[in-house]
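Take a look at the structures listed below.
Note that chain A is present in both complexes that follow, paired respectively with chain B and with chain C.
Presenting the complex of A and B:
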C-alpha cells in the first residue's frame, strides 16, 4: 500500500498554500507538523479530494487518485479540521447517513455504527442529537464517521484542537489503537499528539515540506542545540530577546530556561536532550505561544 | 441509493420552515376563498334544470326569462335568488351561443385560408387550428364551479405555493451542506459526488410532487365541500371569461389533468434549477435569493408591469418556467411555435422545454458536484 504525492502545489490567486510537496506514505502514522497557515490543511484537503491541486499528482498504489475517483474515496476516511454536523440528527442517524454515503449496505452499516459508537465511547448517547454534543464528543463522532468504511488511508486534520487535555489523551489512544494496517496522516501543531505514535513527521513551513523523517532522525537535527540555563530574574528579558526560549521554570534562584541555540547561550549552559517541542520551537518560534497554550 | 434518498427526504421534510409556510399559505387561501356554501348549493339547484345541451328551446326560454327580469329591474324591483341565478345563466348562454357562431365563421375563414396558403408552415398551422376548432363542442351547459375553482387554484395560489415551498424546501439542499461544513464529508465519500447528488435531486422531485399533491388535495376537498364535483364534462369554453375563446377542444376534466401535468413538469424543472442554484451558492441565503429571483422577477413583470411588457419581454416570458408553471395563458388562445417548419402548440412546447431545462440543470448540477472543491 502506497500513497505518493509528487510536486503537489495549490495556489489561491497569488498565494501558494502548498508548494511542490513530494513524499511517499506507507502503512503507519505520519504526523504533519506546522504552524497555522503552513499548508497542513490544504495538503490534507487535497489528499481527501475535497480540494484539487493546482499542479502535481497524488497517486495511490501507482494510480492517479483522480483517475480512481470514487474507488479512491472508497478507501479513505477523512476527519476535517472543522466538523460540520447536522444538529438535528442523532449520533446514530448521522453515522448511518455517512455510512450510506460511503456505500455500506443497511445491515453492515448498523453493525459498524454499533461497533464504532462503542469504540469512541458514545454508545450511551446514540439517540441524542449531535447539536447537543460537546466539542470532544463531536470530535469522537468525527473519528467514528471516518472509520465507518474501515479505511486504508485515514486523514485526520487537527483532530485535537479545541479538546481539553483529557479528551486529547483519549483521542490519541484511540488513534493509536486503530492505526494498525492503515496509512494514517495526522496534521497538528500540537507536538504531543504525535510524539509517541508517529512513524515519520513531516514539517511544513509556508507551504513547503522542510523535513519528512522519523522523530528520532528529526531530533538528531537539533542535537547539541538545546541548552538549559539558570538565569537571574533580571536577565530573563535579555535571554528572551536574543534566543529561542522554550520552557521557563521558576525556582528560588530565578528561573531555568530551555534555549535552542547553535552556540552555548552562557558559559554555564548545560546541554539537554532535545524533544519534539524543542524541534517545533526551532522551526516555528513565532507560533510558540499558541502551541504552548495548548500543550 | 434508497438509503441515501431516505436521508435526503428526511433532511428536507425536517425543515420546520416548510410547514410554517404551508400553514400560512393554506390559512390565507381559506380566508381569501371563503364562500357561502349554503348559498352555492341553492344556486346549484337553480342551475340543474338548465343543465345539458343548450337546445334552441332552452335558449329561447332563457331569453324570455331574462327579458322579464330586465323589465322587473327597470321597474325598480329586486329579482329573487332564483331569478338572479337564471339571469346569470341566460347571460352565459348568450355569450356561448354568440361565440359558437363566431367559431363557425372562423372555421369558414380558416378553410378559405388553408386553400390559399402558400407556405408549408402557414398551411400546417392553419390545418392545426382548423382541426382544433372543428372538434370543439361548446353546446352544453353545466354548473361547474367545483372544477372551475380547482383550475383556478393552479394558476393563482397553487403555482405560487409550489414555487415558495420549492424555494424554501429545496433552496438549501446543497448550500446548507456548504455553510455547515458537511460538504467535506460529502465530497470525500465514495458516493458523495455521484449517487448522493442523484439522491438529492430525486428527493427534490419527490418533495415537489408532495407539495403539488397537498394543495391539489386541499383544493379538491374545499371545492367538493363548497361547490360539489359537478361539471367536469363541461367544455373548456364554458369558463367565462378566460377560456370563452379557447381553441382547445377539451372538457374541464381533461383541461385540469393537462394543466396539472404541465404544472408538475414545469415545477420539477423549477426545482432542478433551484437545486443547481443551491449547488453553486456557498450560503443558504444566496440560494434562496437566487431561486427567489428566478420566480420573483417574472412574477413582478407579469403582475405589476404586465401592461408595459414589450413584445420581446412577453416572448421571453412565454417561454419561462414561471409561465409554464402558471399554465393559465397557454390555453386561452391559439399560439403555436414554428419548430423546424412544424407548428408546436404552446402547452406542448412548455412540456418539451420543461423537460429540456430540467435535464440541462440536472446534468449541470452533477457536473458541478463532480468538480466541486470545498469553499475555503
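Presenting the complex of A and C:
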C-alpha cells in the first residue's frame, strides 16, 4: 500500500498554499507538523480530494487518485479541521446517514455504527442529538464517521485543537490503536499529539515540505543545539532577546533556561537531550513571535 | 523392493519439482494488485448508463428520509391552505396558486443546501457520492414533491371550483412559479439559503398582495410573451442545475 505525492502545488490567486510537495507514505502514522498557514490543511484537503491541486499528482498504489475517482474515495476516511455536524441528528442517525453517503450497505452500516460507537465511547449517548455534544465528543463522532468504511487511508486534520488534555490523550490513544493496517496522516501544531505515535514527521513551512523523517532522525538534526543555562533574574531579558528560549523554570538562583542555539549561550551552559518541542521552536520561532504579537 | 524403488522415484520427483516452486505474495500484495488493476478494467457503456439512473433515484429516496420536518410541514400547510382557501372559502384558485405554489420549494431549499450552510460540505466532498449528486438528489425531491402537490391542487380546483384553462395556468402558475424558484435558487447559490428563503418569501408576499389589491389585466399581454418568459425562466433553471453539476457553488471549487 502506497500513497505518493509528486510536485504537489496549490495556488489561490497569487498565494502559494502548497509548494511542490513530494513524498511517499506507507502503513503507519505520519505526523504533519507546521504553524498556522504552513499549508497543512491544504495538503490534507488535496489528499482527501476536497481541493484540486493546481499542479502535481497524487497516486495510490501507482494510479492517479483522480483516475480512481470514487474507488479512491472508498478507501479514505477524512476528518476535517472544522467538522460541522447536523445538530438535529442523533449520533446514531448521523453515522447511518454518513454511511449511506459512503455507499455502505444498510445492514453492514448498522453493524459498523454499533461497533464504532463502542470504540469511541459514545454508545451510551447514541440517541442524543449531536448538537448537545461537547467538543471532545464531537471529535470522537468525527473519527467514528471517518472509520465507517474501514479506510486504508485515514486523514485527520488538527483533530485535537480545542480539546482538553484528557480528551487529547484519549484521542491520541484511540488513533494509535486503529493505526495498525492503515496509512494515517495526522496534521497538528501540537507536538505531543505525534511525539510517540508517528512513524515519520513532515515539517511544513510556508507551503514547503522542509523535512520528512522519523522523529529520531529529526531530533538528530538539532542534536547538540539544545542547552540548559542557569541565569540570574536580571539576565533573563538579554537571553530572551538573543536566543530562542524554549522554557524558563524559576528557582532560588534565578531561572533555568532551555535554549536552542548553534553555539553555547554561556560558558556554563550544559547540553540537553532535544525533544520535539525544541525542534518545533527551532523551525517555527518566528511564527510563535507572530502569534504572540497578535495576542 | 519395488515399493522402495517407487518411493525413491517419488522423492526424486518431489525434489525435482520443488526447484520450480514459487513463493506466493502475501494477502496485502494481492489486494493491492487487484486494486491497481481495477482502474484499467473498462466499464460497459450500456451498464454505465443503467447504473447512473437508479443511483440518482436511490440517493433521492435516501435523502427524502432525512429532509427536515419543516419541509414536510411546509408541503402540508401548502395543501391545506390551498384547499381551505378555494374549496371552503370560495377564494380565487389562481391567486391561491400564484402565492402558495412556490412556498414549499423555497422552504425546501434550506434543506437542499443544508450541508453547505452548516459546514458539512468539506466532509461530504470526500465521500463516495459526489456532493453535487447529493444536492441534485435533494433538489429533485423538493421539486418533484412540490410539483405533485401543485398538480393535486390543480385537479381539485378543476373538479370542485373552477375549470382550469391552459392559458390561465401559464399566466397565474407556471410563469410566477418558475420565475420565483429560479430566482430563489439563484440567491441560494450566490448566498446562504437562510438569506435566500426569507427574501424570496417576502417578494412573493408583496407580489401576491399587489395581484390581489390591484385589478391588473394580465391577459392583456399576448400568450407568446408569457410563453417566452416561462421558457426564459426554465432556461435559467437549467443553467443553475448545470452550475450545481459542475460543483461551482461552494468555496472548495476554486
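Quick notes
Everything that follows uses one rule, which is that the second predicted complex is superposed on the first by the 286 of 295 C-alpha atoms of A that agree within 3 Å, B and C clash if a C-alpha of one lies under 4 Å from a C-alpha of the other, contacts with A are read in each partner's own complex, and residues count from 1 in each chain.
Here, a residue touches a chain if its C-beta (ideal position, glycine included) is under 8 Å from a C-beta of that chain, and two chains touch if they have at least 3 such contacts.
The structure presented is a predicted model; accordingly, all values stated were derived computationally and were not measured.
Taken together through their common chain A, the two structures put chain B and chain C in a clash.
For chain A, the partner with contacts to more residues, out of chain B and chain C, is C.
In the superposition on chain A, contact of A:78 is made with both chain B and chain C. After overlaying the two complexes on the shared chain, residue contacts for A:1 are found with chain C alone; chain B is out of touch. By the touch criterion defined above, A:61 reaches chain C but does not reach chain B. Clashing C-alpha atoms with chain C appear in just one stretch of chain B from the list 56-64, 272-280 or 344-352: 272-280.
In the superposition on chain A, the residues of chain A touched by chain B in one structure and by chain C in the other are 12, 45, 48-51, 70, 73-74, 76, 78, 80, 82-86, 88, 97-98, 100-103, 145, 149. Interface residues of chain A, counted against chain C in their complex, comprise 1-2, 12, 45, 48-51, 60-63, 67-68, 70-71, 73-76, 78-80, 82-88, 97-98, 100-103, 145, 149, 155. For chain C in complex with chain A, the touching residues are 28, 32, 35-36, 38-39, 62, 66, 68, 114, 118-120, 122-130, 134, 252, 254.
Residues 3-4, 7, 10-11, 14, 177, 180-194, 196, 371, 373-374, 376 of chain B touch chain A in their complex. Chain A meets chain B in the complex at residues 12, 45, 48-52, 70, 73-74, 76, 78, 80, 82-86, 88, 93, 96-98, 100-103, 106, 109, 145, 149.
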